[in-house]
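The two complexes that follow have chain A in common; it is paired with chain B in the first and with chain C in the second.
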Partner chain A sequence: MASQRAMTEADAALERITQVPGIRGSLLISGSDGLVVAERLMEGIDGRAIAALAASLVQRLDRATNRAGMRAPTFVHLKGNSGSVLAAPGRSDLVLVAVASTDANLGLARMQMLDAVGRLV
Partner chain B sequence: MRALEPWVAGPLQTFIDESSARIILLMTTSGQVVAQHGFTRSVEVMTAAALGAAIVASTEELAKVMGSPRFAALVHGGNRQSCMLSAFGTPRGRWIGLVVFGSETSVGLVQLFFDQMVEQLVTVAPREQPQGQPLPEHFERELNTSLKELFGR
Partner chain C sequence: MTDDIKTLTARVAEEPSSLAFLELGEALRRRGQLDAAYKVTRGGLSRYPALGDAHDLLARILSDQGDLAGAFDAWADALRFDPMRIGALKGLGFLYFRAGDVPAALDHLRRATEIDPDDISIRQAIERIRGATSQPASERARPDSPPVPAAPSGKNLPPAGSAVAAEVMADPGGNGGSQKGIMLVDGNGLRLNGTLLSPSNQDVGDGVAAELAGVSKEAARTSRLLGLGGWQAIAVESPEGNLYLVAPTPETMLLTVRDPSLPMARLGLIAERAAREAREWLVSER
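After this line comes the complex of A and B, so read on.
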């Protein structure tokens, strides 16, 4: 029952994030494994690849900041020519990830993601 | 990295570079070694190939019992290193990949780049079968020959 509730919350969080203008999809991934836990993506987006690469990015940034004596990042924004990947690490090794196009409302997406990741168990 | 057939080397090297895997062994479903990276002794390759082929055969039988098609991959998670076994089809028959990886990478990355390697292998594999297919009675001689080639001695 608890896991069912957690999945419902996760699905609701992904739904809210994908409703932000310009967001092409969102995923909940396992940070250490780089595997997809839940996803809501537009057609043509390879969720498995995004999960693996975003988890690797967050892990490496985590190690880098740790070695530099800083706290782990709470939000990661990787900007490219044709869009961005946003990641918000949460508790229980989960990472919330969003794929955004160049015209996305990144401020609203960031706010929604930080709010959602704080609620996830 | 050593490969018995040159066309395997390119996709395998890309996989090693991209995935940061520590050890990889490519073999046929009968345990005949095709390529390896990370092993230092031939006896380790022989053991890993035999065990890997046996595990894949067991899981495929288990899948049949459960009424499902083949499992795509089998991952053993460990504290210091993990192991992935995956069988896949090539124009040269069904092969198995055994990958050992550590905390410097993740199962998601290994699976992602493994699938890309499989696609590349299928694309570049020569369509004609090699001459002189190994016979079961020549297994030991074939195994020794391939191990000599893989370890250069």
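After this line comes the complex of A and C, so read on.
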């Protein structure tokens, strides 16, 4: 029952994030193994690839911040030439990930993601 | 001897190859024990001759001692090893202003603002230099007067230039207020230039540089496989600081770290400017 409620909350969070202009999809992934927990993606986007790559990148950055004497990242933005990947690591090894186009409202997406990841876990 | 100096002295004695000499030298300088500070810093420089922080510290000690020529050389050395060292640019700007070379003073301060556009003290210093030089000659600070020792730490500053000097030197550590570090690394995870301090002021540059090689490859892979083209930047928020990574050249990566209070978009602008400086430096080193 509790896990069903958690999934409903996750789906609702992904729905809110995906409604932000320019967001092409969002996923909840497991940070340690890069597997998809829940996803809401536009057609043609490979959720498994995003999950694996985002988890790996977040792990690397986690190690870098750790080496710098800082705590783990709370938000990551990888900016590419034709879009962005956003990641908000949360507790319980979950990471909220979003794929954005170049014209996306990144500020709104960030706020939605931080709000959602704080409530999800 | 105060407790902190005793502790730092013990640390340096226990680990002569550590960077603790920087803290000890700074603590001695702040207490006015300039000869001791000089010896400690010189000793550290013999082990780390390419460490910009050490040259910067030596410059401030020499400046406190009134050895302006020595301070000039030490700041020039600091810039040679770390062209983005704001403290050295400020120091040289101050010395040029004292020497009456206003264009050179403004040039150094402008370079400092390009690296850190948020450091209000530098902009104010530029304004004051402009204001001072627009005054009638009789009211202007004369380069050879008054004969007081320059003190970047803020004491015994020349009256006419004191406002400028105090602002320029408000951040003797050269860390630009909330700046925590800026570092250029190569594709193999080796530090090329710059310094990165942990929240407890330890030099963590080499360790972070080693991790960044993997980050760069991972970012390139992620961006390419997700159809995002090449990667332009990575912004990372952490409770202790914001990190911004850019690639000045395909083989290098520049990390800029600032206090979380600085908006990320602003940090991005600072990082882009620093990347331009880094590109110029890389060209000059070839």
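Here is the rule we use: the second predicted complex is superposed on the first by the 121 of 121 C-alpha atoms of A that agree within 3 Å, B and C clash if a C-alpha of one lies under 4 Å from a C-alpha of the other, contacts with A are read in each partner's own complex, and residues count from 1 in each chain.
Keep in mind that, in the parts below, a residue touches a chain if its C-beta (ideal position, glycine included) is under 8 Å from a C-beta of that chain, and two chains touch if they have at least 3 such contacts.
Keep in mind it's a predicted model, so treat the numbers as computed, not measured.
In the model built by aligning both structures on chain A, chain B fits alongside chain C without clashing.
Set against each other, chain B and chain C touch different numbers of residues in chain A, with C touching more. When the shared chain is aligned, no partner comes close enough to touch A:97: not chain B, not chain C. In the superposition on chain A, A:109 makes contact with neither chain B nor chain C.
When the two structures are aligned on the shared chain, A:10 is found in touch with neither chain B nor chain C.
Of the two partner chains placed by superposition, chain B and chain C are both touched by A:56.
In the superposed pair of complexes, A:48 makes contact with chain B only, with no contact to chain C. In the overlay built on the shared chain, the residue A:83 is in contact with chain C alone; chain B does not reach it. Of the two partner chains placed by the overlay, only chain C lies in contact with A:73; chain B stays clear of it. When the shared chain is aligned, no partner comes close enough to touch A:23: not chain B, not chain C.
With both structures placed on the common chain, the touch criterion links A:34 to chain B but leaves chain C unconnected. After superposing the two complexes on their shared chain, the closest approach between C-alpha atoms of chain B and chain C is 9 Å. Residues 49, 53, 56 of chain A are contacted both by chain B in one complex and by chain C in the other. Residues 105-109, 111-112 of chain B are the ones touching chain A in the complex. Per the touch definition, chain A reaches chain C in the complex via residues 49-50, 53-54, 56-57, 60-61, 63-65, 67-85, 99. Here chain C touches chain A in the complex through residues 196, 198-200, 202, 204, 207-208, 210-212, 214-215, 218-219, 221-223, 225-241, 243, 257, 264, going by the rule given at the top. By the touch criterion given at the top, residues 29-30, 32-35, 48-49, 51-53, 55-56, 59 of chain A touch chain B in their complex.
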